[in-house]
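Both complexes shown next keep subunit A, but they swap its partner, so subunit B is in the first and subunit C is in the second.
Presenting the complex of A and B:
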């Protein structure tokens, strides 16, 4: 009798493991210095009081993919979404250590940062192919959205049939133009925010629960 | 001696004969020698993703610093009678220019015009 009970428990555990739906992973992607980590920190702080990583005006400050598990957000519509937030290094096709020297780093440190940044970009691309279920594509609203890396990345994400929300960040700056982003990617929803000041985050949370839920 | 830049124009037929990795290797080997590569038909999104990843692995201090790439967005076109009937689409990759990041610079990019500048090493 005890044998039967134990076998039943084991089968039940096996089936639970087999059919358990893992938490959805939302990746924050975009070019360097768009404010991806600032947004990740804002979301995580708003809902868990924690943070994801340090931010800086130096490009490629985030050089490793960072994941914060089980963040639950609720939109104004009352819908909730639990997900893992994946903060990724800025995607680019070129990295030169001299870029870091211009920010005042010694050559040795600049070379180290450049090497880590290249590894981080490769890692981010690998995550996108293997482990991401939805994407927040982050752009700096003051920059040209038609840059090749954005066209390529949005095309790559679309080809993987992943839901994508485009976020125009730094909307607090005078030369921000979310309209330019909307004209570049009319096929996707675009939300204009300032993750630094926390402007329009409610709309973002509502869109996230509706879009990724 | 006249200094110049080698430009390799690769036909769609040649690209069609290659696997994804062969295409990426062909492009990177050429670009790392300082040449400009023009693809008659661009890379599929998955190939672009791998190209970014492998480019990152090839970057070295005081050596190769990456690539500059210019292309138009992938165009969706109806593929044959049944696709037109049922709304199916085929993604069409387009003319692509790839060069060393320190030699190829984009001057202007519009919906239907890409203007780039190339320097010799």
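Presenting the complex of A and C:
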């Protein structure tokens, strides 16, 4: 009798590991310097006390994909969501080392950064193609959301049938316009935050648990 | 047909791109294409590679040292196509053959156009 019980336990354990869904992976995408890493750091710090990576004013600071596994957040509605957060390099169609020269880098370093940033775009797209289950698309609210790269990326994410939350960042700045972002992407939920100051994060967590859960 | 470094005798496979940066062992810049028949002459007949070069009359491949400002070689480049000037292109055949992701280099190193759509397609 005991033998039967044990076998049953073993089989159910085996089936559990076999069919266990891997943790949902949420990617933070968006153009360079939108504040993707600042947001990733905030989420990770809020819920695990850790950090994802360094941030700076220089665009393309994140040139490799970074991931923090098993972050659990809880919305005010009481719903929880456990996911891996994937912070990606800024996706853009044009990279010029002169952008870095403007920030005071030597030519050699600027050229190296431009090269790494280009490889970073390819890596971000690779993750989107293979490993991402939901997307936070992040925009700088002070910039024009109708840029071609944003329209194209949102289109690509839609065609992959991935859930997408649009986040308008930098709302602490005086010329921020989240309304402009809402008008650009009326088909998706838009949340206006400041990841630097941490405003409106509760709404973001609530939306995330409802949307990606 | 392999190459040998004329300085230290290290052997390299034919088509090896390593030697384009100079010999990794001794930093030598000259390499000899060596025939199978003479392949071990440097050891067996105690000849220097340069002597073998003289005897066989094969060309010695010399890697020119352009210092640290050397252009990045085409096989190390990340772009599939480089536009040197309007109407003048350089194709990176190896990259084009390996993947469908298109990165276009503009003029010199460090300026790129990225075709996001080509990167969004799922691999076949």
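Heads up, the rule we're going with is that the second predicted complex is superposed on the first by the 199 of 213 C-alpha atoms of A that agree within 3 Å, B and C clash if a C-alpha of one lies under 4 Å from a C-alpha of the other, contacts with A are read in each partner's own complex, and residues count from 1 in each chain.
The criterion applied here is as follows: a residue touches a chain if its C-beta (ideal position, glycine included) is under 8 Å from a C-beta of that chain, and two chains touch if they have at least 3 such contacts.
Since this is a predicted model, take the numbers as computed values, not measurements.
S.K.: In the superposed model on subunit A, is it clash or fit for subunit B and subunit C?
M.R.: Overlaying the two structures gives a clash between subunit B and subunit C.
S.K.: A:81 in the overlay: touching subunit B, subunit C, both, or neither? Say first, second, both or neither.
M.R.: Touch partners of A:81: none, neither subunit B nor subunit C.
S.K.: Please work out whether A:139 is in contact with subunit B alone, subunit C alone, both, or neither, and reply first, second, both or neither.
M.R.: Once the two structures are laid over each other on A, A:139 reaches no partner at all.
S.K.: First (subunit B), second (subunit C), both or neither: which does A:39 touch?
M.R.: Neither partner.
S.K.: Which partner chains sit in contact with A:158 here, subunit B, subunit C, both or neither? Use first/second/both/neither.
M.R.: Touch partner of A:158: subunit B, not subunit C.
S.K.: Should A:94 be classified as contacting the first partner (subunit B), the second (subunit C), both, or neither?
M.R.: Both: A:94 reaches subunit B and subunit C.
S.K.: Tell me the contact category for A:129 with respect to subunit B and subunit C: first, second, both or neither.
M.R.: Touch partners of A:129: subunit B and subunit C.
S.K.: Would you please give the residues of subunit A that touch subunit B in one complex and also touch subunit C in the other complex?
M.R.: Residues 91-97, 111, 114-115, 118-119, 121-122, 125-126, 128-129, 152, 156, 159, which sit in both footprints.
S.K.: Within their complex, state which residues of subunit A touch subunit C.
M.R.: Subunit A residues touching subunit C: 91-98, 110-111, 114-115, 118-119, 121-122, 125-126, 128-129, 149, 152-153, 156, 159.
S.K.: Which stretch or stretches of subunit C touch subunit A in the complex?
M.R.: Contacts found on subunit C: 78-79, 101, 103, 106, 109-117, 119-123.
S.K.: What does subunit A use to touch subunit B in their complex?
M.R.: Subunit A residues touching subunit B: 91-97, 111, 114-115, 118-119, 121-122, 125-126, 128-129, 146, 148, 151-152, 155-156, 158-160.
S.K.: Would you tell me which residues of subunit B are touching subunit A in their complex?
M.R.: That would be residues 44-46, 48-50, 52-53, 55-57, 59, 61, 65-71, 73-74, 91, 101-102, 106, 109 of subunit B.
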